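Listed next: structures, encoded as structure tokens.
Both complexes shown next keep subunit A, but they swap its partner, so subunit B is in the first and subunit C is in the second.
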Partner chain A sequence: MFSYLLRRLILVLPVAFGVSVICFLLVQIAPGDPLTAIMPVDATAEEQAAMRAAYGLDKPLPVQYAIWVGNLAQGDMGRSIATGRPVAGEVFGAVQNSLLLAVSAAVIAFPIGIFLGFLAGYFRDSALDKAVTAVSIAGVSVPNYWLGIVLVIIFSVNLGWLPSMGAGPGGSRDWSWNWEHMRHLVLPAVTLAVVPIGIVSRTVRALSGDILSMDFVQALYAKGMTRFDVLIHVGRNAAATALSVMGLQLGYLLGGSILIETVFNWPGSGFLLSNAIFQRDLPLLQGTILVLALFFVAMNLIVDVAQAAIDPRIKRS
Partner chain B sequence: MTLTEPLTSAPAPEARKGYWAGVAGRLARDPVSMLCLAVVAALILAAIFAPWLGLADPYKGSMIARLKPIGTPGHILGTDEQGRDMLARLIHGGRLTLFIGLMPVVFAFFIGSILGVVAGYVGGRLNTLIMRVVDVFFAFPSVLLAIAISGALGAGIVNSLVSLTIVFVPPITRVAEAVTSGVRSLDYIDAARATGASALTVIRVHVIGNVLSPIFVYATSLTSVCMILAAGLSFLGIGVRPPEPEWGLMLNTLRSAIYVDPWLSALPGVMIFVTSLCLNLLSDGVRSAMNVRD
Partner chain C sequence: MTDKLLEIDHLTVRFKGARTIHAINDLSLSLGEGETLALLGESGSGKSVTLKALLRLLPPKRTEIEGDIRVGGTDILRLSGRSLQRYRGGDVSMVFQEPALALDPVYTVGAQIAETVMRHKGVSRSEAMEVALDMLKRVKIPSPERRLQNYPHELSGGMRQRVMIALALACRPRLLLADEPTTALDATVQIQILLLLRELQKEFGMGVIFVTHDIGVAVEISERIAVMYAGQIVEEGTTREIIKDPRHPYTRGLLAANLHDVARGERLAAIPGAPPALETRPASCSFAPRCALAGPDCRAGLPPVVTPAPRRRVACLRADEAVPAE
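Take a look at the complex of A and B:
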């Protein structure tokens, strides 16, 4: 197990390097001068040069990259061009809110997805199976930013049951575990849960259907095992794959919540990202993307290691 | 989803017509697929011929006719926040939404197939180089990658096409590489190479025919995600620029009307949902008609 862990960790390094290069290049592909946003229109050539030197933009690209990575290693992600505050602080505050949203969505989606998928796989080709399949196809097909708007129309505009915006009363940005804040979490979390419900139920349906048709299931029944005990065997066989799909979904939830955060004005990383885009605040854009992508890489790593821990066949390959 | 195995019933070039006729036949017997095909075809045709359908001008607003409800005489689906006819804008909106929603998958299908087939056939260092770069792109959730590139490049139709193509090349390359590696290890490829055929000839004659259909099926399964992402970029304001009619952008601008006429403001999303649902069901239908395992 330890050697597997080590091998897997070493494999992460080139990917993390590649991710940092792409994030670095994001600023380079952006049209225009990154300083136009803050530079006065009548800045003299001398002032412009001084500004460029201050941001290190006068050096060749590989050198800029090396400096950027060196600073990253010390936890310095540069300063936001729009606010002048350190990017790292802004990003980590926002990522906490996004993580809360993503985990809440996962807590809603995974049990429902597993339950529906298992029912459909167990009762293959029944009306129930068809209904679950329809739900999962609808789940993966729905543009969730639109679904969020529809839920707002139903539960905020028409019924007035739930708030439509923000993470807390009065535009509060800081989370606390009380009723008012929880009410703000319901609609975005449910909206975000719909796609993973579709994907997880689809996966679990295929998995449990396949495993139930295997010979060993017949053998277990034949030796007189109860239905419940057989299902535990089936569950253990499905666990590794199901876990890896769910782990990846959690990563997608964090990286993919930007549209939902925009719909609900949720003060998370997606909200930060869209502000960064509209203020052309490239260091902030770069930092947010980097943190989210590295989180996704870490999630992949955890999933692989957990899968190997559960299923010994994976370690050997 | 593993597509590492090539089609076992690999059709010989002469038999290919029969194979595709069989696929079309099986697809035609599936009522759900045919319904979805009809809906998608109708949407595409309506989008192409929108200017000649006798609709109202989708750009012409009216200060006094803003946010008329659905069912208003003269405006069957009402008017938007600037008094522009919703029916005309929804049908015209299909032009950009479908174009930006489908073309990136087509581009990525060509680029990804070439990269994947080359990587899978040539192998060695070139394979390592291509596939490691692909791995890096897999470190980004697709939504994040699309938003990152579009956010950096700025709004615009071409920028959206570029960023979405970049998002879909890596997954298609990975599938193409896996399928090609599988085909390459088969005996008849060795036989062809033993006769002295060049790599290009072997790829053209023996590899392409066997790998294209699994890659194609996989690519069709990406169209619905691409549609949702394309409209999502416009919804965020980093896709199509106003005043162009586009479903995602319309959904965004109509959000201000959510308390005035909520259901009107949800209409453009219905179009996105219906299209993406039909694309998904159609892709599932094509997959089972081609007997590709998933």
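Take a look at the complex of A and C:
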């Protein structure tokens, strides 16, 4: 198991390198010049060139990349062109907020998804199964930013129960686990949970349905096991695959909540990203994308290792 | 009749769905303590369905079961809840055709045997593991201590079937149901498993119903043979009687279709046609369409059951006719 872990960790290195190159280049491909956003319109060519040199944007791309990675290794992700603040602080603050939102959504979505999916799989082709299928397809299909706006209209505007934007008093910097803060989490987390509920329940339905139709389930009943025993066997058989789907969903939740964070003004990575895009803030954009991508890589690694730990059929050597 | 281990009376099984399948039609069968019976028939004749009905493994919603099944005097079709769980794996257990599919892939074989023992004997996990180890020794698995920790995919097919047998016998059932346990195995391994089953039957003294389509296997393992066709038993008797004096044309066909004693280049004697689809309940002899001896009287109604000797029966109008010269 240890050597498997080590090998998986070593395999991450080339992936991380590729991710960093793509992050760096992707931003170069994007149209628009970051300097036009911060330079006065009447800036002379000399002034522009000086600014360009100050940010190191006049050097050839490979050199820029080398400098960028060299600084990264020291924990320096550069300074935001728009605000002048260190990118690292901005990104990690935002990612923390996004993580809070993503994990909350996952805590809502995964148990519900597993429960619904298992019910549908166990009572396959019944009315219950069809109802669950309808719910999960609706969950995946409904645009969640639209749903977010609808929820805001109902619960914030009409009923006035929950706030519609922000992360609570004091903003993102001092979050604490009290109702004053948590009530800000409810609407975005619920909205964000809708898609993974659909995906997880579809996955678990297919998994549990397939496993229940396998011969060994009949063999379990044949040797006198109870329904509950069988349920545990099914769970252990489904765990590895279900876990990988949920791990990847968590990755998507973290990076893919741009729309939701924008709808709810949630100070997370998606919010930061959309601002960085509009302001052509290259260092901030690169930093944010890199952190999210590396988080995804890390999530994959964790899922792989967890799968190997749970499922004996996955080769560890 | 109290010494009867198993009595099946007028068992009828129908599968309902888009179309109804009359899988078992008025099947009666009895088995004494410690007796070994081979249930012989081709695919779709209802052999496996009979075994599954015995363990109540058929999906209750889609299955209609009529008749009577008694094991040691207990009415099996009335069992439910706890008593059904005690019965399954405790009184009667089953060895499946495909050990690769019948074992849970993510549990060690030791754990799978132990959980059965814990369920039925109410012992602790470590005691149950002791039993599992003992069982692995009895089915002659080499280095059993190590195998206990193996997962099914780490074992060979023959080894897996040994595990399956160890699992089935761990709680000392009175009746073992073996559903074509050697079909999925290599020929050499088949013989080993057959010999093992025969040996364990002698050692443990349980009754065995051995389902097979291979008449050679049936002869090897059993004292008695019941031949099934279209959900009915068409002929039953001791193995010797069936081999030496087959009365039903279907049994004769099966014996003639055997590969033994066939000269090279000679055409194999196969039974023409295919078994009926069983969408309607047979009202006449199901074998008549494929039978060389069939006459209009065979198609007029169900054949009478002739009993030439005690516990010997043939469901055929022509049972008393002389065997045609071959």
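Keep this in mind: the second predicted complex is superposed on the first by the 300 of 317 C-alpha atoms of A that agree within 3 Å, B and C clash if a C-alpha of one lies under 4 Å from a C-alpha of the other, contacts with A are read in each partner's own complex, and residues count from 1 in each chain.
Everything that follows uses one rule, which is that a contact is a pair of C-beta atoms (placed from the backbone, for glycine too) under 8 Å apart; a residue touches a chain by one contact, two chains touch by 3 or more.
Treat the numbers as computed from the prediction; the structure is a model and nothing was measured.
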Practice task
Sticking to the clash and touch definitions up top, decide whether subunit B and subunit C on subunit A clash or fit.
Solution key: fit
Exercise for the section: Could you read off the angle at the CA centre of subunit A, spanning the centres of subunit B and subunit C, to the nearest 10°? Expected result: 80
Practice task
Return first, second, both or neither, reflecting whether A:Asn158 touches subunit B, subunit C, both chains, or no partner chain.
Solution key: first
Exercise for the section: Examine A:Met1 and indicate which partner it touches, taking first as subunit B and second as subunit C; both and neither are also allowed. Expected result: neither
Practice task
Classify the contacts of A:Gly224 with the two partner chains as first (subunit B alone), second (subunit C alone), both, or neither.
Solution key: second
Exercise for the section: In the overlay, answer first, second, both or neither for which of subunit B and subunit C A:Phe278 touches. Expected result: first
Exercise for the section: Return first, second, both or neither, reflecting whether A:Val107 touches subunit B, subunit C, both chains, or no partner chain. Expected result: neither
Practice task
Would you sort A:Asp311 into first (subunit B), second (subunit C), both or neither based on which partner it touches?
Solution key: second
Practice task
Tell me which partner A:Phe216 touches in the superposition: subunit B (first), subunit C (second), both or neither.
Solution key: second
Practice task
Once the structures are superposed on A, label A:Asn237 by its partner contacts, choosing first (subunit B), second (subunit C), both or neither.
Solution key: second
Problem - Which partner, subunit B or subunit C, touches more subunit A residues - result: B
Completion exercise
Superposed, subunit B and subunit C have a smallest C-alpha gap in Å of 17
Practice task
Would you mind writing out the residues of subunit C in touch with subunit A in their complex?
Solution key: 52, 55, 57, 85-90, 93-94, 96, 98, 101-108, 115-116, 119-120, 151, 153, 167-168
Practice task
Sort out for me which residues of subunit A touch subunit C in the complex.
Solution key: 214-216, 218-226, 229, 233, 236-237, 310-313
Handout entry: subunit A residues within the subunit B interface of the complex
Key = 14-16, 18-19, 21-23, 26-27, 29-31, 137-138, 140-143, 145-147, 149-150, 152-153, 157-158, 206, 251-252, 254-256, 258-259, 262, 273-274, 276-278, 282, 285, 289, 292-293, 296-297, 300
Practice task
Write out the stretch or stretches of subunit B touching subunit A in their complex.
Solution key: 132-133, 135-137, 139-144, 147-149, 151-154, 224, 228, 231-232, 235-238, 251, 255, 258-259, 262-263, 265-266, 268-270, 272-273, 276-277, 279-281, 284, 294
